[in-house]
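Shared between the two complexes below is chain A, which pairs with chain B and chain C, respectively.
And now, the complex of A and B:
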């Protein structure tokens, strides 16, 4: 599965990327929303967007909306230390994960999503 | 000796501000915890898979120790928001950045765009500046205008907020001290607050350093 990770914390972004590569996924990363949108506008399809809510320049919630407009079939996973209420205004379903991530549950959610793509 | 003119009023304002920044404090603390949980999970998986040699394990352990130290420092700093600490000082640019970081999510959800021009390292009384500056930002966040823009600048001991005229005079839905600027008059001996419909100026005095020397 092709996964785009959008996370402004360098350590978190790199380790999360390493972990998901170990799971056999192809990972692309961005540190802010605008870069993520540039990636999504390129021809290679991304299956899943994993985004933090709190990002420089644009929130992860806005990014999720714009990502769906660019790639309607993309799956969205929102990770945040804030509450889930920020996702409630979104007009499409998203997977939400509380930070700090509970890793087994987080990986299980990704594998569930991966299963729906096959 | 208190550095605030009205201790009861300042404590009430501080309580209201802390309630508002609490989600930001929590987010900042948990953000520092995340690399530790991820590093330990990756290390555990590699050890179980037999793909981690001693050098790799040592590197990961060093990373975990470094991140634990970062978490400890961040936690100690954040607890100074909640605990009543002795007066201490922080540079103006760090104070403003910290206040904006803690209220970032509120700014997003309330369509407030903030441009921060503060780069001065002028030392300011941290406890007081945090509360007063956050109270000013919260007043802007809660304004009813749809296109809300706030500029923050600093010069010497003074920090200035100015906002677009679309927000001038519009009400907030808040009750309590954070519904208006009434608290700003005479709340502090350390900071004079001058405000109008379109701007506010926080003029800090440098007397704190003399008090610090006297302690």
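And now, the complex of A and C:
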């Protein structure tokens, strides 16, 4: 899959990239929502958006809504240390991952997206 | 208010001095003061300035007789409750008793007076008066204690509110601490899990010197951020206990500021922020360099964090006997309301989505500045940016941080 990771912490971004690359995915990263939207507007097909909730500027929830508008087929996974209630405001189903991310559970969630794709 | 130990006053009214003397002799006792009036007018004057347990009034007096005096007494608030005992030389057959009671008397005594009867009646009224005074005392004391209780209750309520507020703050703080600890731990944990998975797959190519270096640098950063978190918490605890001291020595602020700017440049780059420096040379003073560095790092990391990727200006100059450091960003800014709280413990510019640590940095910085006899101020406008100014006397005097 082509995955876009939006995370403001550089180290977390690097590790997630490495982990998902290990699984054979193609990774693009952004540290904030505006940059992520720029990437989504380019004609490269992103299958899955993984975003943190708290980001500088626009929040991950806003980003999820706008991404869906740009690319309706995109899968969305929201990560947050604060709880799932953020996602309830979204008009479409998203995968939600509680931070700290536990590797096996995280990869299993990614696999579910992979599965729906094939 | 009458004192319960005060002598009790009795009034005797008679136009004949010998009668007054005789009554005085009969009524006299160590706990009493006998006041004499030789006419109704004199009696009224005394009645208006004293509280009497009893007035013994001769009925037959020239000008104002006893009955007229009694009527006047009953018509005046201050005197209407003073018990009146009439004394009369007229025979019982004259029906004075009846008229006397009508005028408000409580008793009528006939001359020649029976000394025992006079004394015994006076004793009754003195006792009654004593009880009344004691009762008034009790009522007043009760009223006072009720007011005191109300006051204490109000105090208790406000203390309870403060306590509840600080408990809530503590609780929020604990949950914030947990979250802030979890973020770097999370990254470390994930890093370790990924390495273990690579080892399990025998994927040794992931462990090149370059990768190992990156890995360790990451680990170091996460550990440092955990350590900083704990140090901040310990500083706050030391401040609250009045135990944070500074160790001043000769320090060159110009060198320090340039060094910090250099150290923070990678972090600034990560946020697309450029520092512009305007540092006067050789600003030298007597400070705790480690603590001053802590303040400047706090101000500059805040500027990076909230600076929206726009240049951050850092200046240092000497002004009289002070060194002035200013850090200016052009980021999200701080509303006037928030500016009041940002230097307090556990406060943070709210309503922004940026992760910003525990919100202790500016509180600690302010306390450290104050410990140097200096101060930190902010001027800011929402959406336009903020300027933080640290003003330090060239030679600090105090070295214990005050509580609060």
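Note that in this section the second predicted complex is superposed on the first by the 118 of 118 C-alpha atoms of A that agree within 3 Å, B and C clash if a C-alpha of one lies under 4 Å from a C-alpha of the other, contacts with A are read in each partner's own complex, and residues count from 1 in each chain.
Note that contacts are C-beta pairs under 8 Å (C-beta built on N, C-alpha and C of every residue); 3 or more make two chains touch, one makes a residue touch a chain.
No experiment lies behind these values; they were computed from the predicted model shown.
> On chain A, do chain B and chain C fit together or clash when superposed?
clash
> Looking at A:15, would you say it contacts chain B, chain C, both, or neither? Reply first, second, both or neither.
It touches chain B and chain C both.
> For A:29 in the superposed arrangement: first (chain B), second (chain C), both or neither?
Neither partner.
> Looking at the overlay, does A:97 come into contact with chain B only (first), chain C only (second), both, or neither?
Neither: A:97 stays clear of chain B and chain C.
> Just checking: does A:59 make contact with chain B only, chain C only, both, or neither of them? Give me first, second, both or neither.
A:59 contacts both chain B and chain C.
> When the complexes are fitted on the C-alpha atoms of A, one of 94-102, 148-156, 202-210 or 274-282 in chain C overlaps chain B. Which is it?
Once both complexes are placed on chain A, chain C clashes with chain B in 202-210.
> Return the residues of chain A at which the contacts from chain B and from chain C coincide.
Residues 9, 11-12, 15-16, 18-19, 22, 53-54, 59, 81-82, 99-101, 103 of chain A touch both chain B and chain C.
> Where on chain A does chain B make contact in their complex?
9, 11-12, 15-16, 18-19, 22, 53-54, 59, 61-62, 80-83, 86, 99-101, 103
> Sort out for me which residues of chain B touch chain A in the complex.
So the residues of chain B touching chain A come out as 23, 26-28, 30-31, 33-35, 37-39, 41-42, 45-46, 63, 67, 104-105, 108-109.
> Please output the residues of chain A touching chain C within their complex, sorted ascending.
8-12, 14-16, 18-19, 22, 31, 53-57, 59, 81-82, 99-101, 103
> Applying the document's contact rule, which stretches of chain C touch chain A when the two form their complex?
179, 182-183, 185-187, 189-191, 193-194, 197-198, 203, 206, 214, 218, 221-222, 270, 308, 353-355
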